[in-house]
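Encoded as structure tokens, here's the structure I'll be asking about.
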Amino acid sequence: MTDWLSPQEWQAVALSLRVASVATLASLPAGILVAYALARWQFPGKQVVNGLVHLPLILPPVVTGYLLLLSMGRKGWIGYYLDEWFGIVFAFRWTGAVLAAAIMAFPLMVRAIRLSIEAVDPRLEEAGATLGASPAWVFLTVTLPLTLPGIIAGAILAFAKAMGEFGATITFVSNIPGQTQTLPSAVYAFLQVPGGETSAARLVVVAIAVAMSALMLSEFVARRVAARVGGG
Amino acid sequence: MTDWLSPQEWQAVALSLRVASVATLASLPAGILVAYALARWQFPGKQVVNGLVHLPLILPPVVTGYLLLLSMGRKGWIGYYLDEWFGIVFAFRWTGAVLAAAIMAFPLMVRAIRLSIEAVDPRLEEAGATLGASPAWVFLTVTLPLTLPGIIAGAILAFAKAMGEFGATITFVSNIPGQTQTLPSAVYAFLQVPGGETSAARLVVVAIAVAMSALMLSEFVARRVAARVGGG
Amino acid sequence: MLSVALRHRFPGFQLDATFTVPHGVTVLFGRSGSGKSTIVKAVAGLLKPDEGRITLDTDVLLDTGRGIALAPHRRRLGTVFQEGRLFPHLTVRQNLAYGRWFAPRGSRAEREDHVVEMLGIGHLLDRRPGLLSGGEKQRVAIGRALLCAPRLILADEPLAALDEARKAEILPYFERLRDEVSVPILYVSHSASEVARLATTVVALENGGVVRQGPPEAVLGDPSVTPLGSREAGALIAATVVRHHDDGLTELSAGGTPLFLPHLAQLPGQPVRVRIAAHDVILSRQRPEGLSALNILAGTVAEIREGGGPGAMVAIDTPAGRVLARITQRSVGALGLAPGAAVHAVIKTVSVSPADIGR
Amino acid sequence: MLSVALRHRFPGFQLDATFTVPHGVTVLFGRSGSGKSTIVKAVAGLLKPDEGRITLDTDVLLDTGRGIALAPHRRRLGTVFQEGRLFPHLTVRQNLAYGRWFAPRGSRAEREDHVVEMLGIGHLLDRRPGLLSGGEKQRVAIGRALLCAPRLILADEPLAALDEARKAEILPYFERLRDEVSVPILYVSHSASEVARLATTVVALENGGVVRQGPPEAVLGDPSVTPLGSREAGALIAATVVRHHDDGLTELSAGGTPLFLPHLAQLPGQPVRVRIAAHDVILSRQRPEGLSALNILAGTVAEIREGGGPGAMVAIDTPAGRVLARITQRSVGALGLAPGAAVHAVIKTVSVSPADIGR
Amino acid sequence: ADVLVFAAASLKTGLDEFAARWQAQTGNTVTVSYAGSGKLAKQIEAGAPADLFISANTAWADEVEQAGLVVPGGRRDILANTLVLIAHGKDAARVEIRDGFDLPSLLGDGKLAMAMVDSVPAGIYGKESLTALGLWDVLAPSVAQADNVRAALALVASGEAPYGIVYATDAAASDNVTVVGTFPADSHPPIIYPALLLTNAADEADRAFFTALTGTMAREAFTKQGFRVLK
């Protein structure tokens, strides 16, 4: 089994798993916050925020990658200050792949979470408030747990999407084996070589297996959590 | 305003609009059917169908494009017979771009519709049945209209995604101006050319404008329809 | 004639009910959990019982023995549910028309204008259900069921979700349905008032089985049948409106005996039926004098049934019909009541609530 | 002392209510749409009125004039809603603990084991709300409200969604709350029985305004106050349990007059209050003899109020307290009733329903 | 008549200009589909209706030829390109690329931007050169591989990578990069753009265009972009 993929291919698989996991977990708080704001708050420019969130879904990934390069690169108009002030660098690091994957998966995550927040009965939140919970506590103890099935579904969908992300990642952090070469980059590389199809196919099978497992897990977990919470 | 884009660019914009519209409309019936099956039926292999539907979301688009080329190309194992028996050809036609866009947008469409079907009260469907409507009529007269907000949301999201689809399209049907060159393909071509960035940027702005309008329209329409139908 | 024989097991509940009833309004009557809705669902075809046979006149809707089970939409029934279940995306007019779209061509449906007029929903036709009150919704639901040219109307506690005022608003429509439309109705209720006002036949259920079945006077007047507890017991008296008095009272005649009730809408000469709740009846051996109660019926004790508590249910046969009285066992002793004893039943004019008067 | 002064306008509805009530159970009482829930929401802080001032003892919860409006979670109130609103993702135990997490350290909360025992929910602690019956849910909701160390408990029709049996199950818990726990309660109801059993103070609302306020005997015994319509009118009698008889009756003493009711749970010597529905009282000039009714109170007519219909509301002062009787105007004439006239009020033993007996 | 050309994306500017002039002259229509050479080759094998294929390397041209999709005698090497080292900024110092060239220390801890070294032609040539110069083993971990030459160029132009290896034709494109050196022609296989006349080509126009690719008009257009025109 270990022979089936070369060490470099294994490396790509491992990196992809790491990138997708970190991207999902790291963007989850922001995803929940944005979903909550879109579901529950009225504020000027709400439609604009909604549009921005969806942008990566709509733009060709390469464009997103270029925009990331221009803004978050080491010389980018955000990346420069991140580096100067906090020493945070994304370019050519696996963290950059995380950033790209997170941004590409963000709209899917937010959509799923938003829908499940909209399904939470606001009267339960009122009940929490009258029992002495401040808005933040109400969110943590009522809204969040009730949204859990949606959060899980959103997170795993985002994970699957992050596993498959290619265009933005390669454009932003390029393809450095062991550092930024994710599974899709490896697939792409094989497809560019005459006769590389079989290698590409093996990697695609791995990608499908991982993503499918994640998806089925999400359906299963979401159903379990919903059954536990629901009916009440 | 007409001067702002070259005729070839206009052509790409027009083609993208056409491809995205047709892809959305043509896949809508299948999207509704699959969403309904996933929401309401229990059948063996349901998880597999669910996985297949999500596949394009998860795979790098280039891979999807290659798979399309291999299966639906003129010499592909499906495409060949489609051509022989029905004279249907996708490869290197704008219809192929439609197919690619439809497949890439399909998971988003199905997810949105599925959620709104799951929200329809099955007791209303029972009421329809007892009033004499056969299952098909119940679906058409009760389920479908009540699912409308979700269908609209799903369709417009799919449209936006189809507008931005690039990887699978260029891989499957190439980048032939006037025939298969969509807006994102044109953006790609410009990015390959010295000094092409500004042209690319102009096209990206058009793409963003179209997709954002579609998204806002969807939020608006879905809200209107929901208000008309809901509260009851 | 509707004939139902069902056997079905749920975890912790066993339905085993058989009854055959004539046309008219059949009220399925019993406590919560006694299996009423389960029967209705089986008749509607929404639940497939383990075993069963359901026939309507000559048509077989279900016969598990012969492998027959008509799909719900082929049974041609109209249903009115507790929650209305109006289609929220259709206007009232379209909701009403819904069933007709699917009715077989040439089937004898009510005329829409007639139904709309009967239910008083003409002014609602262009609204959407979301904007209707609970009572209006139920009226539309009744109309929708009627207009699908049903062979039987199923109504599962159509009033349960409504408050008293709303109930009082809808009940007369079911009475009109019974009297003006020939479609048989299977009506589920756990309200004694509704049984009293509507039923032509009562089927009393307990724990999934039929405990008594028959015309409402017989079932409600039987002191041993109290499927809802003795507080809901009460007999049914058939009467005719005699006259409306100037002081707002309506005089009825029940088997020749005058009865005074708060003003009724019925015209003189029209029949009404009045449920007299057993706990509202006072008994006296002598004819009492100088009481504020205007209705005093002389009769003889037919039956006395003592329950577990301090109470007793006394059935009295009067010229007006059988009356039930719930009094204390102490009073039974003090008054020396026994079957055959002569007795007077005192009924307060105002203690008969409008909900208990039907026609 | 809870002091409320509110002014708020909704399209088509204007709230303008002011009342100050002592501790104990204050029942807000009135028809649907009279503004009860609006007041509760304002007190809870879930609705910000156009103008208003709400104080609880010395603390100001709201004073729009001075720009004070405490957030709901700072008001330290416990709320029990009609639908329970238990947290479905928490067990009963966690639901109960919820409020305590947020109660200020050192605040005097009830002990959990005491509350659990009082409400009889010990066996439910590890279940989730989804699996509880309606009545069980409400008991847990009461416990949850109690355990957050509230300065005031708000209960907005906590029994409205329950059927009679369930109501009968919960009401005693509110009585225990009133008697055993010192937290004041603001309780919304449109049930006369609930008012009768629970209230230490009644605030009657009509169309957004307060029409009468005071102790329940005074408010319910006033023939002119019928915020729920005359069918719900009835006076309140304070009595003491004297003895339980072998035939299942309980003898009470109301101002020296004996009253017989179906068996009560209270021990001899304990006080109870009994609501006598006005339509259950028969009047007689002479003392009637040989009736099955065991309770006959002699008294004098205090006031007669004729309504629009055929009925009249007669207030009778008896040694047991004031009793209301709803009889026909014809009987008022026939019996020659007028203020000061001597009269006997006849009350059936069994017509006092268990729901009308509190303590 | 219509001519459908599948061409490597890096040819776009020159080929567009030439095609426009040829169209004007002959009255025929030329349509060009630009994408990566590999993609185009695969599409041609899958039955794409292309009349001509201009590949950015010989490997993909070979594959199409072996698939029997080229007209006999229908292969011509038309253009050649050179590989250059670029640096970020307008006025970086020139270097001389020869044996012993100390690119690693020039790079420091920065990255060297290239196209994918195992799959994209420009990357493959670059890797060959670096290997020939004895630099590959040292530099390999510092190479940032982009999915095409233009993306590598963008990495340098944006300053993300201080140096990069691209075609001379690309280097001219950006104001933000300087060509600091040219890789010796013998350090890598010749960078050749073969044009193939495909079996699909049905009419005279296709042949005429194929022939014209080596004519004066094409020479002018491509030379302007920095290509060396063969023959």
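Labels A, B, C, D and E are assigned to the chains in the order they are written; within every chain, residues are numbered from 1.
Criterion: a residue touches a chain if its C-beta (ideal position, glycine included) is under 8 Å from a C-beta of that chain, and two chains touch if they have at least 3 such contacts.
This one's a predicted model, so the numbers in the text were calculated from it and none came from an experiment.
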item	value
Starting at chain A, fewest touch steps before arriving at chain C	2
Co-neighbours of chain D and chain C - touch as defined	none
Most distant chain from chain C, judged by the mean position of its C-alpha atoms	E
Chain whose mean Cα position lies farthest from chain D	E
Contact-richer chain pair [B-E vs B-C]	B-C
Interchain centroid distance [CA atoms averaged], chain C/chain E, Å	89
Whole-Å gap separating chain A and chain B, where each centre is the average of the chain's CA atoms	22
Whole-Å gap between the CA centroids of chain A and chain D	55
Where chain B touches two or more other chains at once, by residue number	66, 188, 191
Inter-chain touch pairs (all)	A-B, A-D, A-E, B-C, B-E, C-D
Chain E contact footprint on chain B (complex, rising order)	66, 69-70, 73-76, 91-92, 170-171, 174-181, 188-189, 191-196
Of all residues in chain B, those that touch chain C in their complex	121, 123-124, 126-135, 137-138, 141-142, 145-146, 148, 228-232
Residue ranges of chain A in contact with chain B within the complex	47, 50-51, 54-55, 57-63, 66, 108, 111, 115, 157, 160-161, 163-167, 184, 187-188, 191, 200, 204, 207-208, 211-212, 215-216, 219
Chain E - residues contacting chain A, complex	36, 38, 41, 59-60, 62-63, 111, 113, 116, 118-120, 141, 143-147, 151-152, 154-155, 158-161
In the complex with chain B, residue positions of chain C that touch it	44-46, 71-73, 75-79, 81, 83, 85-90, 98-99, 101-103, 128-131, 144-145, 148, 154
